[in-house]
Amino acid sequence: MSKNAKQNLADSKKMSAELFCLTYGSLVTELLRDYEDPKEVTMQLDKMGFNMGTRLADDFLAKNSNVPRCTDCRQIAEVLCKNAIPCYLGTTANSSNWVGGDREFTIVIENNPLNELVQVPPNLLAAGLSYSQVIAGAIRGALEAVHFKVYATAMENGANTEIRIRFDSVLKDNLPAGEDD
Amino acid sequence: MTIFNIYIFDREGQCLYYDEWFRTKQSGLPPIQEYQLVFGMMLSMKSFSERLSTNDSNQTVNSFRTSAYKMNFLESATGVKILLNSDPAATGMPDLLQKIYQAWVETVNSPVANLLGEGIDHGFLQSKIRDVVTKHPAYV
Amino acid sequence: MSIEGEKIRMEAKEKWGEIAEACVDSSEVEQYTGLIHKAFAHANSETQLETIGFRVGQVLVEKVSKDSPKLVTELEIVKFICKEFWSAVFGKQVDNLRTNHQGVYVVQDNKFTTLRCFPEGTQYVKSSGRFLALPCGILRGALDSLNIPAIVTATVESIPAVKFQLQIAAKA
Amino acid sequence: MAGIIAIYIYGRENSRLFHAVNPEELGNVCDIEMFVFCSLDIVDEKVVKSNEMYLGQLFTDQRYKSFGFVTNTGVKIVLVVDFLNSTLKDQDVRSIFKRFHVFYCKTISNPFYTIGSPLHSRWLDDGCKEIFAKSE
């Protein structure tokens, strides 16, 4: 690709990232006008993320055929940090403070682009607004699509966003009637 | 070398898509039963190949072959199952299956499909999949 | 979510249709505000998207116009929107711009970015409206920031081609 | 960049959005305010004639001189500099305005900021520390 074509591509990627973050921010403030209660807005963001996540799983798997099948949380965290989050958020992530026999861990998303230019008012934070909960919802939705039931909550920590994930259970494939596997 | 037909199932075993290119013999079953047969075959294939496995390494069934055809499998972690029936000597099938999976994601799985509720226009999916299959070297 | 939304909205509309005739004065109507809201929620999902877009446009145009030359006349501003702003935000320049020189501009984009997942042709034209509310808001917000109050509407004859009408409000 | 006294940002209808005065000049804030008001009138005059955002020097009295910058969206930035300052080149003033325009863009990108209301952000604060720090 010629130099300025590459430059245009880089610009358009950067601009579409800004467009996405600005639109998301404007959506959050619109929800706050609609629901007034920040906790309710956080739940709406989680639901929205969940619905996106259920479809993102297939989108991600179609684009990354080399991703191994995950069977435990360590592998899930590895795929999230090394493939999924860089692919969709264009930033790096790593997992930390594993407890409960590797069933509970935190994904730390460094310099989360979603809230890079965002200053959430302290009163909203205190009242339970979790600005990046859509990401936690998307992770929960994507993992449910691959039969892992988890709980996920997002917390802001300076420029980073931490997603606390707790594994719940493996969802069995529900077979069509009459098919006894 | 050629590609005979294709089945796509969702996680619950519902046949989302069927298409054929070179098929001279029919199964004699109504389509619904044929789809259930194919889906049941894939589940059974998976389960007994696991039971007979000599070690507990994580394995996937990629295909089974007869003298006349090769049934190629792709199952995504989300449970989407694609079965492509091809000439026994056909090569590059895993790559073709992955491209079909991408075509399915871009149409049926796209945000538009969900919003429109009644599901994406079948022709849209058909044109995409036929385009991918007919352009593949194994398709004569 | 959207299918149930549609069903709920339809039922609410029918129920409101029956009740509406029976209502004699406004006090009676008040009891049904919840029902009315549900019945006409569909419309406000597009207005909400447009409002969201408006704010995005106001900010985006500041960034995009940062490095462009000084824009003075209305035509210069609309051209800037159709070239630099459109390609920065919607990925390509517009395909055609026409004006009647009385404050109405018609902008044609033959492959509009928010409709690219749609199957081409006319089959889904009537449900593409929701996908154009946000871009209309973005354009209205951008024009507003450049001191051009306008009404932005979009029409689709055949996906993915879209015609945007910019009606510039007469200067006070 | 010695001798930077203050920086003021105004919205389209001349509503004040931001101002910062060099900590060493806090004693004469009133004079600075008066000086900026005069500079603002010159901005409105110069905007019509100028064919670029940078308006160059606006106004001067024996103590201060001011430079102006207006964005396409009508946001005005006024920079007040010590009259005796000679080290500050035109290029430096332009780059200050460019940087503050970026800070302005970042600040209004915060979804919780209402357009047209006073600006508060770490970018603007850090920017001011930087331009005021170098002045001896």
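Which chain is which? They are A, B, C and D, in the order written, and residues in each are numbered from 1.
Quick note on the criterion: contacts are C-beta pairs under 8 Å (C-beta built on N, C-alpha and C of every residue); 3 or more make two chains touch, one makes a residue touch a chain.
A quick map from chain label to UniProt name: A, B = Trafficking protein particle complex subunit; C = Trafficking protein particle complex subunit 6B; D = Trafficking protein particle complex subunit 2-like protein.
Since we're looking at a predicted model, the values are computed, not measured.
Chemist: Once you count every C-beta pair in contact for both, which comes out on top, C-D or B-C?
Modeler: More contacting C-beta pairs are found at C-D.
Chemist: Using mean CA coordinates as chain centres, what's the gap between chain C and chain D in Å?
Modeler: 36
Chemist: Once you find the CA centre of chain A and the CA centre of chain D, what distance in Å lies between them?
Modeler: About 40 Å separates the centre of chain A from that of chain D.
Chemist: Using the average of all C-alpha atoms in each chain as its centre, how far is it in Å between chain A and chain B?
Modeler: A distance of 30 Å separates the two centres.
Chemist: Two or more other chains touching the same residue: where does that happen in chain C?
Modeler: Where chain C meets two or more other chains at a single residue, that happens at 55, 59, 63.
Chemist: For chain D, give me the residues that contact two or more of the other chains.
Modeler: Correct list: 109, 111.
Chemist: For chain B, jot down the residues that touch at least 2 other chains.
Modeler: Residues 111, 114 of chain B touch two or more partner chains.
Chemist: Run through the chains and report each pair that touches.
Modeler: Every touching chain pair, ordered by label, is A-B, A-C, A-D, B-C, C-D.
Chemist: What residues of chain B sit close enough to touch chain C in their complex?
Modeler: Against chain C, chain B makes touches at 106, 110-112, 114-117, 120-121, 123-124.
Chemist: Along chain C, where are the residues that touch chain D in the complex?
Modeler: 55, 58-59, 61-63, 65-66, 68-71, 145-147
Chemist: If we count contacts the way the header does, which residues on chain A are in touch with chain C in the complex?
Modeler: Contacts found on chain A: 11-12, 15-16, 18-19, 22-23, 26-27, 29-30, 34, 51.
Chemist: Mind listing the chain A positions that touch chain D in their complex?
Modeler: 18, 21-22, 25-26, 28-29, 117-121, 124
Chemist: Sort out for me which residues of chain D touch chain C in the complex.
Modeler: Residues 12, 50-53, 71-75, 101-102, 104-105, 108-109, 111, 115.
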